[in-house]
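Here the chain labels run A, B, C and D in written order, and each chain numbers its own residues starting at 1.
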Amino acid sequence: MRSGPRKKAGLILDEPLIFERSRPGCGWQAGGGESEETAGLVPEELRRGDLDGFPEVSEPDVLRHFLRLSQWNLGAATAFYPLGSCTMKYNPVVNESVARLEGFARLHPLVPDEDAQGVMELVVELERILAEISGMDAVTLQPAAGAQGELTGMKMIRAYHAERGNPRGKVLVPASAHGTNPASAALCGYRVEEVEVGSSGILDAERVRRAVDDDVAALMITNPNTLGLFEREIVPVAEAVHARGGLVYMDGANLNALMGLAKPGHMGVDVLQFNLHKTFSTPHGGGGPGAGPVGVKEILRPYLPIPRVVATAEGLRWSEAFPRSIGRVRSFYGNIGVLVRAYAYVLAAGGDGLARATRMAVLAANYVRARLQGTYHLPYPRPCMHECVFDDRGFEKYGVKTLDIA
Amino acid sequence: MRFLPHTDADVQAMLEAIGVGSLEELLADIPADLRERAALQLPPGLPEREVWRRMESLARRNAGAARTVFLGAGAYPHYCPAVVDHVLQRAEFYSSYTPYQPEVSQGTLQATFEFQSLVAMLFDLDVANASMYDGASAAAEAVWMALRLAPQRRRIVLSRALHPHCAQTVRTYLAGFGEVEVAEVPWGEDGRVDLPALERAMGGDTAAAVVGYPNAFGIAEDLAAVRRVASRAGALVITVTPEPLALAVWRPPGSFGADIAVGEGQSFGIPLSYGGPGVGLFATRMQYVRSMPGRLVGQTVDTAGRRAFALTLATREQHIRRERATSNICTNHALMALAVTVYLCAMGRRGLRDVAWKNLRLAHEVAERLCASGKWRRRFGGAFFNEFVLARSDLESVLERARAAGIVPGWPLGRWFPELGDCLLTCVTEVHSGDEVERLVEVLA
Amino acid sequence: MRSGPRKKAGLILDEPLIFERSRPGCGWQAGGGESEETAGLVPEELRRGDLDGFPEVSEPDVLRHFLRLSQWNLGAATAFYPLGSCTMKYNPVVNESVARLEGFARLHPLVPDEDAQGVMELVVELERILAEISGMDAVTLQPAAGAQGELTGMKMIRAYHAERGNPRGKVLVPASAHGTNPASAALCGYRVEEVEVGSSGILDAERVRRAVDDDVAALMITNPNTLGLFEREIVPVAEAVHARGGLVYMDGANLNALMGLAKPGHMGVDVLQFNLHKTFSTPHGGGGPGAGPVGVKEILRPYLPIPRVVATAEGLRWSEAFPRSIGRVRSFYGNIGVLVRAYAYVLAAGGDGLARATRMAVLAANYVRARLQGTYHLPYPRPCMHECVFDDRGFEKYGVKTLDIA
Amino acid sequence: MRFLPHTDADVQAMLEAIGVGSLEELLADIPADLRERAALQLPPGLPEREVWRRMESLARRNAGAARTVFLGAGAYPHYCPAVVDHVLQRAEFYSSYTPYQPEVSQGTLQATFEFQSLVAMLFDLDVANASMYDGASAAAEAVWMALRLAPQRRRIVLSRALHPHCAQTVRTYLAGFGEVEVAEVPWGEDGRVDLPALERAMGGDTAAAVVGYPNAFGIAEDLAAVRRVASRAGALVITVTPEPLALAVWRPPGSFGADIAVGEGQSFGIPLSYGGPGVGLFATRMQYVRSMPGRLVGQTVDTAGRRAFALTLATREQHIRRERATSNICTNHALMALAVTVYLCAMGRRGLRDVAWKNLRLAHEVAERLCASGKWRRRFGGAFFNEFVLARSDLESVLERARAAGIVPGWPLGRWFPELGDCLLTCVTEVHSGDEVERLVEVLA
């Protein structure tokens, strides 16, 4: 019946599916269920017979099952985690408690605004903090992840051009861009045109100048880019795009290596998204939930998604009175539980701490680069910002592929 | 910064290993004028104790969390067994990365596989993905998918009784997505989509009809009829379920022939958190799987022939297909999907039905008692689950009275639908104690 | 600097001591520390220079260290745990949350009684519940563990006899008793005299009758005993002790196999301790904290430790007005955090659930006994109650000792 | 019962394997008349949701948890870094058994070893055990130990300024423990033990002198002098530390030559929990280790020569030595010892001193301001840490005023020491915000 003692739980990958642990008659009884009384309350043709296939497992077995699954995961908390084009940051434990405070966790999104002034203040403050960090003029916290932030940003760019008579037809994206960039542009109805990046790994302004024309709605650029390099020419690149009436979208997923060193708002960037689950220490959760706030320059402010918090004489209020807004990109207001953690992180770090974290990230990336340089081939031998890219050249003769190394 | 492990000695040693004299040298690529203006005008860092104090004081100013609240309308208060949060607090789960490397992610992958199986069973459809952001964006993705499946059809028909956040998100997502026309169909007297109007709205150019199940009034749409009407037009049926607990007692959308069923999973073990994060549920028929957005975990065998789990059908996704991907979604809501999985396993086959029946019974009891008071009337006749719409001409003053009593008795529907200015959408669930229900009835009746 | 990626964290037992992870200048800064201001506040001869040897480690490293240590433990939650003369029960997860409710966890023990009515009600109710389960007349919740419960019980027995003119000199303890029994008796100034148990594993009344005399203060008996057998003769055994004016102490550590089947109070037991960390599902914590409430018959009530909760017209109040009490056995009132969990467990289980848990424990012990019977030697071939004892007879020829099997 | 995994089919199969027809057969050893009267008069079990509701309502009736409280007196409110409870919530720690089997308990054993090392360093003594129940019972065990070390000496001298719970527990533990005389020595004008009186009380029959550090008034005893007096009598010095945070800024007892130092560890990461569980700290000199009560974890090597940890010197203990054991303690407070360990590591060498200085500074500030108001006077001159005794003749009415303001301003010492009826023991720590301190001063001054 019960599986016997396993001396080294977690060493053997043999945890059955929860469905395979199910035994009829076992499991939780919440009480207060179906009865004579309830029989007439659901019309016959609407009534479900049973939950076929749902597990029947006792509470101890549910707990054991998921604890054993957890033992098969490696997280930032248990080991050094060098993977991903994303930054895996330490997730401060206190933020887990903060997000579970009843005043946040048990708050229904439709309570009267007077009853939610604390969280609304948090929204306003976090918007201001992100604006300060990025050098942008306004911020929305609504998007649920980086990719939704990109979509939101591109919709705003589209609305901006459309209001000026022509939404335009294409978006320039460097070949090295993260897959979400071209996908987001395409989902806003844009043709994606790749701009080549030279052997330096850096987008050069001249190339952009040649590629841009009056049909270009925007250039999407990642900075530091996905190779871990700072886009040195970003200012002239942005000028080239602006010169033809286009806008500059910056993928801010790698902002971790920029905070306190340079502000996208000073580089000619018109709109960018933040990945709070990367740069602001909120847990990655095995793939979300994240949050992808979007910062914009003044010219794009009217298009920010609704609702927005506005200050009134009676206090903070949600308002949908923004007729030029692109509309709503999700239910309610954003991933509040994630925003709460990000805000607590900023409080703990402070301006000085954020800047130091950035510098340490740059240092650590360059350190890893230096230590592995002799062993692996380094295609772009420049100082990097937050990560560095190696490839498997040189290992081919041993028949080794990148996946084996990982 | 207390989260950083580097001592000054470490920094020095690292700089030496890199072969530079200072950190500044590593930043040479950043133009000087950008560096000069980069200082952050933010207060200095606080010790944990002060952070906690500040956050507690913000939390305390959310008085709504302490009131007796009978709100649903897209976010539902339910009791969550403690085992759910216990599992979510495992650092191995919450701090782990997207499971791109299956060797170190079998835990997340197997749990996600179980999530997908549960969601597919719940909706009675063939396949579910690894999660979306929330119900509203899942609905918008479903519409994208329907349009992709029928490239010549450029019309989407929405029931007006769909949760307005879904309808609005669909519209936002469609801006620029080709020339798509969005039609809205009114509700009938029973609060369900008006079938003759639906029939009229759907022509050969319609890709899909989208209805709520339950809809914005807590009412079950007549999915059998919607399916018939849609089939005549050759269109898909998309259902959106904001309160999936209803599906423990209502027939699942798949059993009525829905093509895509999406929903919001917050009811299943996720705290309200002022509306987010929740989790988007997304299921469809096997024949459409290659057009489905989002990640998918499949069962496979490892090199030693043992069962293992891995991401599958990734060629639909942005990191491979780029601008031709089925969606731009990358990070989804994995940890919330885990919460749903643990919740459903902890409640189990019988427990989930038990609690669903309890919701249904309580809500019907309250609705009946209020109507029996003679002061309220049911606005719509359709079958409901745990929330219902009652009308009363002096609604505003009743709301004020309730407020004084510390009760939020429901959502005034006039905020969403001007013609329902006298209507209140009230939700009663298993979290409401007998005393709380009595106080509600007392204040309202 | 940082230890490199370990693919299989937890597989290799190589976590350094936290002191070995310490690096000067690293770690937490709580702020608000030593300054000019504070210099004069501590006289020179009293001032400590430094905390030599204390670790300096960053928060992420502290977390990682202890998570890795946790991975080297096996608990009831992660595996079937057949060890111990103690019952390892499933620890309901909700009880962990319950004990952390602010109203319990943040409550200072010296707040006015009016401000602690909830927890005082819990104390009164849990006393009543334990009395009902054991068939005793009064209960104290103060002792911190089973052994302290034994000490408390024996002190009361001593006080009882002393009040009657002679504390008496010795205590009878069966050879099979848990080590805490003789130790507790000795620490109350009693000579411990072992009573032999026959080959049946059961204490027989005749033997006790022969051993007991007027100098016997008490007999300590464990039921079910440490061999897992029900003491069938406990009623005549108790009569034999009572006949000479002695009292009967029952070690209730194994009550898990008795609840709902029989009540010690009906067996002639005068005083017993409960091990809440065994019978009532509170976590064992790698060795505590536990709780060892003591139940007594009416004759011993006056000696219960102080303070006790009394009902007054104004509500519940702590009182020390019990002049015959043995006094206080610890600070404040008991291990409230443990009592809260035990109470929540009883609420969840109910009378029916407790009884069913007992029956399932008996069934499971007998099942294990039956399954292993052919493999291991079973010295006492009778139905057992909560556990069963095997020994390594028969394995000797292979050179295997008990420790190897475990 | 939802915690039990057995289905009816399981029960049947198990009965068959055992070879009996029913469970009743297994219970045949229990006399029938006991069985008949065994039914439990308790209400039926509740679903988790109802348990939670009941417990929440009990918790809410503990209004003291929501007030602004300046109580110490043996239990101290301190901020606990979140990492501590996170570690304690690991099921591998909280649900694991006493580490008798080292192969499956290396985690608990290593953490305990670290705990022992930290406690020994804190007290500046050679060796500390794996924990006791609490400070009071640790003090009583220390007295037992002192009497064991000097079997001919049958006198124990207690400072009257010892925390009364300690003194009372010592007396209870000594009942029947041979013919031991307990003498009490009064305090002097400065709130420390009266040295001439101490000298008088200690003769050649004295096994040990026991003093608080800090004592019941929050004051540092003059340990150097106590040591001198005790040495002259050939007696041991036992110190009892209810607030161990003081030792981050005060010289440790070991440095004054204390023989046994015990304390209550609650301040270090353990919630108040209405007074329990805390954890008893127990340290002594190496020469006395074989007389020490409680478990001890030692470092060793495993069969492969790698470092490992195991219980050691167990021949002192009850499970081996039975009636000749140094103590009857078995289960100790292991999980609370873990909390202390994580707390001390998280705070670290500098953090702990920082927070201790902050306590000291705040408490002195408040004491000074209250005295400056002219309404209070300091009762004792001795150096204090984070709590202090002020006197005022109209104390009762001040307490009532404070109560109306939702503040508990301290512990009226008259409850413990009748001659201090006009005295209030007030504790200020880092958990008190600037606002709270202002309100205290306002209400009291």
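As a working rule, a residue touches a chain if its C-beta (ideal position, glycine included) is under 8 Å from a C-beta of that chain, and two chains touch if they have at least 3 such contacts.
Please read these numbers as outputs of a predicted model, since none were measured by experiment.
Any chain touching subunit A that also touches subunit B appears here: C, D. In terms of C-beta pairs in contact, C-D outnumbers the other of C-D and A-D.
Annotation: 46 Å between the Cα-based centres of subunit B and subunit C. Centroid to centroid, with C-alpha atoms defining each point, subunit C and subunit D lie 17 Å apart.
Touching of two or more other chains is recorded for residues 2-4, 6, 14, 46-50, 52, 81-83, 85-86, 89, 91, 104, 430 of subunit B.
For subunit C, residues touching at least two other chains, in rising order: 2, 7, 26-32, 59-60, 63, 67, 71, 74, 77-78, 81, 90, 92-94, 96-97. Taken together, the subunit D residues at the contact with subunit A in this complex read 2-10, 13-14, 46-47, 49-50, 81-83, 85-86, 91, 103-104. Residue ranges on subunit C touching subunit B, taken from their complex, read 1-2, 7, 23-32, 58-61, 63, 67, 92-94, 96-97.
Residues 2-7, 9-11, 59-60, 63-64, 67-68, 71, 74, 77-82, 90, 92-93 of subunit C are the ones touching subunit A in the complex. Subunit D makes touch with subunit B in their complex at residues 48-49, 52-53, 79, 81-82, 86, 89, 91, 430-431, 433.
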